[in-house]
Amino acid sequence: MGEKKSFWKHLKAWVDGEEVILDADKYIVSRSVKEKKNWGGRYSMENIKGNKKLYGFLSVAISVLFIGIMLSVVNDLPEFGNPSNPANNEVMERYLESGIEETGAINFVAGMILDYRAFDTFGESNVLFLAVMCVVLLLKKDKNNYSEKEEAENWEDDYFDENEKRPILKVGGKLLAPLIILYGIYVILNGHLSPGGGFSGGTIIGAGLILYASAYGQKKMQTFFTFRTFTLICVACLLTYCACKSYSFFTGANHVGYEIPKGIPGNILSSGFILPLNICVGLIVACTMYGFYALFTKGDI
Amino acid sequence: MEHINWIHNIPFFSIFLAMLCGIITALVKNGRLAFKIHSIMVFIIFVMSVILLISVVKNNEIFTFMMGHFPAPWGNELRAGPLEALMAVTFSIVMLLTVSGGSEFIFKDVVPEKQPLYFIMLNALFGAMLALVYTNDIFTAYVFIEINTIASCALIMAKGTPQSMVGTTHYLVISLLGSGLFLLGVCILYSITGHLLFPQMKEAILEIIKTEQYRLPLLVVTGFMFIGIAIKSALFPFHSMLPGAYHSAIPTSSGILSGLVLKSYIILGIKLIYCVFSAEVMHTLKITEVLFVFGLAGMVMGSVYAMRERKMKRMLAYSSVAQIGYIYMGIGMGSRVGMTAACFHILAHAITKTLLFLCCGSFVEDSGGKEKIYHMRGAALRNPLAGIGYTVGALSMIGIPLLAGFISKIYFATASVYSSGKMAAVLIILGVSMVLNALYFLPSVIAIWTPEKGVEMKPVSSVSPLFAVSIVGFILLNFVLGVCYRPITRIIQMSIELLAQ
Amino acid sequence: MSAGIQIILLVFLVACALAVSLTKNLFIAVIVFMGYSSIMAVIWLLLESPDLAITEAAVGAGVDSVLFFLTLKKVHYLKGTREG
Amino acid sequence: MNHLGTNFYEAVSVILFGIGFMNLLLQNNLIKKFIGLNIMDTAVYLFLAAKGYIWGRVAPILTDGIVDASYYVNPIPAGLVLTGIVVSVSVTAFSLALVQRLYMHYGTLNMDEIMKISREEEGE
């Protein structure tokens, strides 16, 4: 009888516009309690998660099942290192055989990612840019993201940066950072000739900057690298990238315009747009990596 | 310089324009200026997409656009046909209306110095969605899926409250799982076909089906890719990220995420079905059946979850789960009629759900940040325009004639006749889910129109003109889709014929 | 390249991954993950893709671990900095 | 067809993917969750890079002026993995920033506790 009555109440409240009329608050409480009994136990994900053992067992089972399926797939896949695999087809042949002629890059990977499939790489550098902007959105100080304690800690860190001796770190930083940055520049500039390229070189430069900043404190970095320079460099590089690639996409698709001179393969000034694009990517990546570091430590660049 | 076909350049221009605006916005310091740049950009893209749509429909063609100097198997490619153009038009118009209608929420909820960053994310998200719609290359699709993920997470957390951080973390982890599976699928697919572009892959896959050599890997790959896409588009068992994220985000973000971002993944899935795996292969591998079953489950369970919810935004999020279930059911029917219904429902849901989220956001704002339906009694009397918008949206979701939702349901019912063996299931579930939809939408509609006892409801005097324009625009769009649906369905049918060739 | 070295490296890789999963200490987990990345770089060198090796060495073992350590410091996990 | 013995790189990468996946599901600690995610990503990259290798060939950089496709390994997987690594480092940075923000407000790294506190704060 009680159940029927509650059902009637339910119906009546629904006709009246749910919890609008009558003892609304009490109704909500009673309804939620009742529903928990009926539904919660079995269907809600939270409850499965609450049941530690069941959840653990399920996830292990899923993973093991996954590994099993994948191993049987691997068993059926083309053989490792076999030259007659489907992946080694005319696409790869063209990249390797006409690559030098068509892109001017001796490093075929660089030629491939910055010329044949440059749209992907454009997306990739945008991912980096967006990621650093997200980190700015998250960690840059504002009224939602401020705590006294953290401020005090940051002040303490600054104090140590200025007054602590740290001879090994400082001397090491002074000696190593320029070398690391120089090596990074080498890797970027030789991206089309040797392994590496914009991304790896940029990361190396970023690592050098991080070393310098951690040895001498961020105050010193800020004398030549502020948030404004950071955004300016990123935006300028991305715009250059965007312009170069728009030009080559547009002219390529419509069969118009002038060819970019490819130069003599093997020279440092060769291979059309690849060198400037590598430099752009390298600068973006270097700024991004340092930007991550600065935002992670101080919440500001 | 003799002959440039400017119309064929439109997909490329739209993607690059959106990305370019995203980059330039980083230099802007003022949120309002960023908003203007964004709106102008979206409007230009809207005009271009309309031109593209008219042109491709008139010529009845699908064309590919070479990105760079190298033809198909070597370079990247874009591809545009009626479906892509129609989706681009829809995306741009919904984006335009949502952002202009929700601009007040952005300016109110996001910290002023970070507003330009929000618009960077919006621009990039828009560019990435267009790229997902137009792409003809599976790895490009992966890269832009990642851009989509990062930008949508940024949109969720832009509010800066702890709840939104929790929602973002949940969303991020589950989306990354989805893109990981998608990437694994891409890798295996590359190793058995040796190509990355859709048309070449399709040939290789037909070859595989003929020779039976890599049949198991092909089955598993298809499974992984569609599980990945299903996770990304929140098909039923993977929906757990939606409610928390949508609940804690700004209404504008919730509307865009639910109305457009989820749809962009589904459109990628549709393109994969037709351009890579081909409908027959999907049928022989029984993937469509699996999608069909999960779609049905999603339709019912999403509605059941929505009924239990007492907070309006979470209810709308669960309702999205149910509507995604409808779309997957249409895809899973495996017939072109079903696909037409699914595509039409994508449009209908995009314009309806964004409208609902915007109105809901405005109710929450009017009632002082309280979110339970119970607190919103009489909210529509305070803000009649939003009330009318919410009512129209809810009725469209339930499937009242003259509105967009009704047409898509009719199409689903018609499609079920053509797919043997699924008719009974579709019709029963469709009926049940319509009743469930009514059961959770009607109480909220009644609640917002019933004043609280003893409290006098005065209309809020200041409704911002942009908000009014966007709500009216959405309502009109709803009626347009509900009344003059013929040309649109004809375009969809045509595009599916073209895609399936 | 000899298959022996490769197999040893791969076994090491799996061991590192398991160690990351099983250890309770976050600091050790990050250090082991750094080792995992370095081994991955060596493996890529053996697979004749030096571009990947140089990138992974710079990113996985370099910047990624710096970011992880900074996060650990921010969440007051590292001993000797601040008690959490 | 039985290639499990020769495809040991792929087999290992699949196992690593499984381990990463398990970490993602089972670990409650956010940092370890994201390490698991990274392991998952690198496992996929290992898989892809292994697919590009061909026995007895050299890295795809012009050596001794030999222009012949049967002298170098496949450059495509290397290019794709390069893109992938960039994506994964961006995602890692983003997720770690999120972890910091979460810690600042909730004072813990345990996802379950965070969910519990946030639900209490919402007033359920």
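A few comments on the model shown:
In this document, chain identifiers A, B, C and D correspond to the written order of the chains, with residue numbering beginning at 1 in each.
FYI, a residue touches a chain if its C-beta (ideal position, glycine included) is under 8 Å from a C-beta of that chain, and two chains touch if they have at least 3 such contacts.
Just so we're clear, the structure is a prediction, and the values are computed from it rather than from any experiment.
Two chain pairs, B-D and C-D, are weighed by contacting C-beta pairs, with C-D ahead. The chain with its Cα centroid farthest from the Cα centroid of chain B is C. Between the CA-based centres of chain B and chain C the separation comes to 38 Å, rounded to the whole angstrom.
Centre-to-centre separation between chain B and chain D, using Cα means, comes to 28 Å. In this assembly, the C-alpha centroid of chain C lies 12 Å from the C-alpha centroid of chain D.
Between chain A and chain C, the centres computed from C-alpha atoms are 18 Å apart. Shown for chain C are the residues in touch with two or more other chains, namely 49-51, 55, 59, 63, 67, 70-71, 74.
Annotation for chain B: residues touching 2 or more other chains are 139, 143, 146, 150, 153, 157, 190-191. In chain D, the residues that touch at least two other chains are 1, 8-9, 15, 17, 19, 21-22, 50-53, 57, 59-61, 76-78, 80, 82-83, 85, 87, 90-91, 93-94, 96, 98-101.
Every pair of chains meeting the contact definition is listed here: A-B, A-C, A-D, B-D, C-D.
Put simply, chain B touches chain D in their complex at residues 139, 143, 146, 149-150, 153, 157, 162-163, 165-166, 168-169, 172-173, 176-177, 180, 183-184, 187, 190-191, 196, 213. Residues 1, 4-5, 8-9, 12, 16, 19-20, 22-24, 26-27, 65-70, 73-76, 111, 113-114, 117-118, 120-121, 124, 128, 131, 137, 139-140, 143-144, 146-147, 150-151, 153-154, 157-158, 160-161, 188, 190-195, 204, 214, 216-217, 220, 240, 301, 304, 308, 310, 373-374, 377, 439, 443-444, 446-447, 449-450, 452 of chain B are the ones that touch chain A when the two sit in their complex. Within the complex formed with chain D, the chain C residues making contact are 6-7, 10, 13-14, 17-18, 20-21, 26, 29-30, 33, 36-37, 40, 43-44, 47-52, 55-56, 59-60, 63-64, 67-68, 70-72, 74-75. On the chain A side of its complex with chain C, the touching residues are 107, 109-110, 153, 187, 195-197, 199-200, 203-204, 206-207, 210, 289, 292-293, 296-297.
Per the touch definition, chain D reaches chain C in the complex via residues 8-9, 12, 15-16, 19-20, 22-23, 27, 29, 31-32, 35-36, 38-39, 42, 45-46, 49-50, 52-53, 57-61, 73, 77-78, 81-82, 85, 89, 92-93, 96, 99-100, 103, 109.
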